[in-house]
Structure formats: structure tokens, C-alpha cells
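Multiple structures are listed underneath, in C-alpha cells.
Consider the two complexes below, in which subunit A is the common component and subunit B and subunit C are the respective partners.
Coming up: the complex of A and B.
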């Protein structure tokens, strides 16, 4: 999958209620402790193994150390290294994880710049359980094709 | 038996609906309530406490940044971003809107406008905090009453 301006409308709107997967891993990258916690809980509800990182540099360093994740939730604005820079760096490293941007209510231009960094999807924060379920459906379909 | 207006759970639901009607809370708060079924009963109260503590810290840092002779707009923007994120996570709709307006003023480097809008952010935070404290208290009472009822149940 590559970043192409995808939003919720371009996803197959299948209910994610039955998507409980004990094999998927996720990385939540956000400088807000509360949002890290919320996304962590939502993802664990679907059976994912979750790690968290408080900024883009921590996330990139994890990949440099050999970690891999099926799904990365990437906040856009973070100290040290923001989501745009981190996403570019991860894609330059050859990371093929599904990277989903999470942003505040920015203008469409700002979301587009984030998408062009290499995101697969971009949504407003916080992600709802429904959106997470749909993303996992897409991830499962993608993994089955491999 | 139908819930009456003296039923604590109904009172809590009515209160939350009122907060929605006034624009103080939005759907993100309802998402948190949906989480409570999987987490411990005090999870929501802990989350509210976490939000309040974090928000007070961010507001203090923004206050400091605004009080400098050379206003530190980058600090304001950074802390405001974190405050916005936490506020959207807890579902504080009006406070989130106030933060968005302050962000525009900070991006413009307009100190006077920042001062004015920051006052509104603090007012909305106080309103939201009172609302969340009330919800916490009502939920604590419901949980306590539920615990006492279970203890009275015959073996």
C-alpha cells in the first residue's frame, strides 16, 4: 500500500467487530500520554500487541534496532522528530508497515503533506474503535495476499 | 422496572446528555464510556484525573511562555498541541475549539490575541473540569452503591 490521499471514504466499510487478531503488532507514536493510552487500549481490545513511542525519533530508533510492526499510528506534530519526518525516514529505510497518520483538525493541505510523506491513511485523532477495526480488516487482507 | 429521575445511573446519563447539548462534551467522551466495560470500573475516573493533571501542567507552561518579555510562541504552540490532543481524547468539545482558536493566534505571533484567547481556554477548562469532576463523583457513588449491594446479597 502506498500513501495516495486515502481517507475513511476509500476504505471498505466492513464492521471490524469480529477482527480479533493475536498475531498483529502495533506501534503508537504520539507525544500525548492520554492519546497513547487510549489508542493502546483500543488496539489491545482487538488482540494486538502494542508498543508506544513518545516521538518520531523513538519510533525510528525502534526500527533501526530491528523492531517491526504491522501497524504504526503516527501523530503528526511531535517534539524532537515529527510524524512527517519520521514517516519519510521509515519509508526511506524500506519499512512497509501500514502507517496511519493521526492529526488534529488541520486543513486539507496539511493532511496532504503528511500523506505525501508515505502514509497509507490519515485520520483525525482520536481514532475510533470502528476506524481501527476497519484498518485491521485492511491489514489482514493485505497480509493474506503476501 | 423503569429508571426514575432519582436513579443515579439515569441521573448520570441525563447529566452527560446535558453536557453534550451545551457542547461541553462530544462523541469522543462517549467512546471512553464504551471502554469501561472492558476496563476496571474506575478506569474512566482515572482517565479524567490523568487529563486534568496533564491539562493543568500544559496550561501552567503556556502561562509561563506568555508571561515572558520575549513571548516564546514555539513553546506555546508545542504545549497547546499537547493540550489539544488530550482535550480531544477526553471529548472536551468547547475547550478543543478554544485551543484551536488560540493556535491560530500563536501561529500569527499575536500576543494580545493570545492573551485574550488563552483566557477563554482557561475558562473552558474550568467548565470542563467541573463537568468531569461531577461525572467522576456520580460514577464513584454508583460504583460504591453497586459494591454495597453485592455485599448485601445473600449467599
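Coming up: the complex of A and C.
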């Protein structure tokens, strides 16, 4: 699944309460230790195997080294390499993971620029269990099609 | 007697939480944090909140340092710190702090130094208030655990 600039409103609002998947992997990219921990715990509750990266460059380097993830949660504002640059670079490398942007309360223009970098979806921090469940439902649907 | 102590502490805890929600100091995101706590991560909430305290104090120092500089003009840098503070505050449900950050960011976007200073004062005050209340909450929770533990001594 490649980035298609879909907005968050295009997700089907299906409850993800019972989604537990032991095969999916996720990468949490955020310079905040707090957000890394929170998203890590949230995703592990759904049975995902999770790795974390403290900025976009670390994330890109992981992919360069051959790592792959079903889901990438990408913070926007990070030192060294921000989320916009990292997303562009990952898509240019041919990465087809679901990349979900996570932002603070930005203006619509800033979120649009982030989406155009190649995100599949973009949400405000923090991601709620409901949103994570819906994202995993979408991931499972796409994995079944492949 | 000990059962009554645990019940009284639970009532104190619920009263404090109600106050914090009713006053708009915390929002439902804090409840989401509590729901993530279980037997595999029994101190999850206090660990997360302690990380939040550590990050927040660093950000507050950075913001004050920027504004105290007579030649300060890097509002972009201030915006980055504020975005971080907003993100982490939203994540633990610190609703009032997040709202103050929004007002602070509005002043920063207008390059309004006086407005930023005023907002920083409010932010520091709100942060201290929240920190004290959360410490109080964790103390009550600890006492509750101890009271419950004494109530059920091990049988040898």
C-alpha cells in the first residue's frame, strides 16, 4: 500500500475493539520519549511487535538496513530529520508501509503538506485506542488482499 | 477498621479525580492512560506522568530562557517547544495546560513577546498546580495499596 494522500476522514468507522494481531509490526517515530512509550504500549496491547525511533533519520536508516514494518507512526516535528522529510524519503525508497502522521494541533495547511509527503492518514496527538483499532482493521484488510 | 481506611482512601481518590475533571484540568485521555495500566505494567500511569514532568520542566526552562534573552527573536524555536509541550500534555490528558499552550502559541505566532511572557507565567502556574495534584493522587493510591495489603495478611 503506497501513500495516496488519503485524508483521515476516508477511514471506515468500524470498531477495532477486537482487533488483536500477532503478525503485524510497527515503527513509532517520535522525538518525545513520552509519545514513544504511549504509542508503544497502545500498539503492543493489540499484539503488534513494535520498534521505536527518535527521529526521521533513524527511521529511514532502519529501512535502509533492510527492516520493514506494516505500520509507521510518524511524528511531524523532530530534530535531525522531521516527519515530512522522512516520509518523502521513505516513499522515494519505495516503502509501501502504511505511514500515519501524528501532529500537534496544526493549521490545515500544515497537515496538508504532511499528507502530500506521502502519508496514508494524519491524526492529531495522541492516537486513541479507537483510531489505532481502525488503522489495524485497515491494515488487516489490505494484508488479506495481498 | 482497615477496610474502612481503604474505602475512605478510594473516596478521597475519586473526589480528587472528579475535581480535576470537573475543573477541566484533566480530560478523558487520563482515563485512557489508567486503562492501559494492568498487572504487566502496574506503575504505568506514574511512569508516564514522571516522564511528562521531566519533559515539561525541560521545555519550561527552554521557554523561559528564550524569553529572558534580550535579543530574543526566534519565535519559530518557541513554536517547536510549544508544539512538543502541547503534544505531551494532550497525551496525558492535561487539558488546561494544553489550552494555555494554544494561547501561548497564538501570541508566539504574532511575535507578541509581552503576550508570550504572560502566557509563560500562566503555564508555569498551571504546571505546578497539576504536578502537585497528581503527586497527591499517586500518594493516595499508594496508601490505598498499603491499606489493602495490610487487610489481607499472608497465611503461613
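In this text, the second predicted complex is superposed on the first by the 138 of 146 C-alpha atoms of A that agree within 3 Å, B and C clash if a C-alpha of one lies under 4 Å from a C-alpha of the other, contacts with A are read in each partner's own complex, and residues count from 1 in each chain.
The rule we apply is simple: contacts are C-beta pairs under 8 Å (C-beta built on N, C-alpha and C of every residue); 3 or more make two chains touch, one makes a residue touch a chain.
Quick caveat, the model's predicted, so the values are computed rather than measured.
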Which term applies to subunit B and subunit C once both are placed on subunit A by superposition, clash or fit?
clash
In the superposed arrangement, which partner chain does A:126 touch: subunit B (first), subunit C (second), both, or neither?
both
Tell me which partner A:92 touches in the superposition: subunit B (first), subunit C (second), both or neither.
neither
Subunit B versus subunit C as contact partner of A:41, first or second or both or neither:
both
When the two structures are overlaid on chain A, which partner does A:113 contact: first (subunit B), second (subunit C), both, or neither?
neither
Contact-wise, after the overlay, does A:80 reach subunit B, subunit C, both or neither (first, second, both, neither)?
neither
Once the two structures are superposed, pull the subunit A residues common to the subunit B and subunit C interfaces.
31-35, 37-38, 41-42, 45, 75, 77, 104-105, 125-126, 128-129
Can you list the residues on subunit B that touch subunit A in the complex?
28, 31-32, 34-35, 38-39, 47, 50-51, 54, 78, 81-82, 84-86, 88-90, 100
Write out the stretch or stretches of subunit C touching subunit A in their complex.
29, 32-33, 35-36, 41, 44, 47-48, 51-52, 55, 80, 83-84, 86-88, 90-92, 102
The answer for subunit A against subunit B in the complex is residues 30-35, 37-38, 41-42, 45, 75, 77, 79, 104-105, 125-126, 128-129
Considering the complex alone, what residue numbers of subunit A touch subunit C?
31-35, 37-38, 41-42, 45, 75, 77, 104-105, 124-126, 128-129
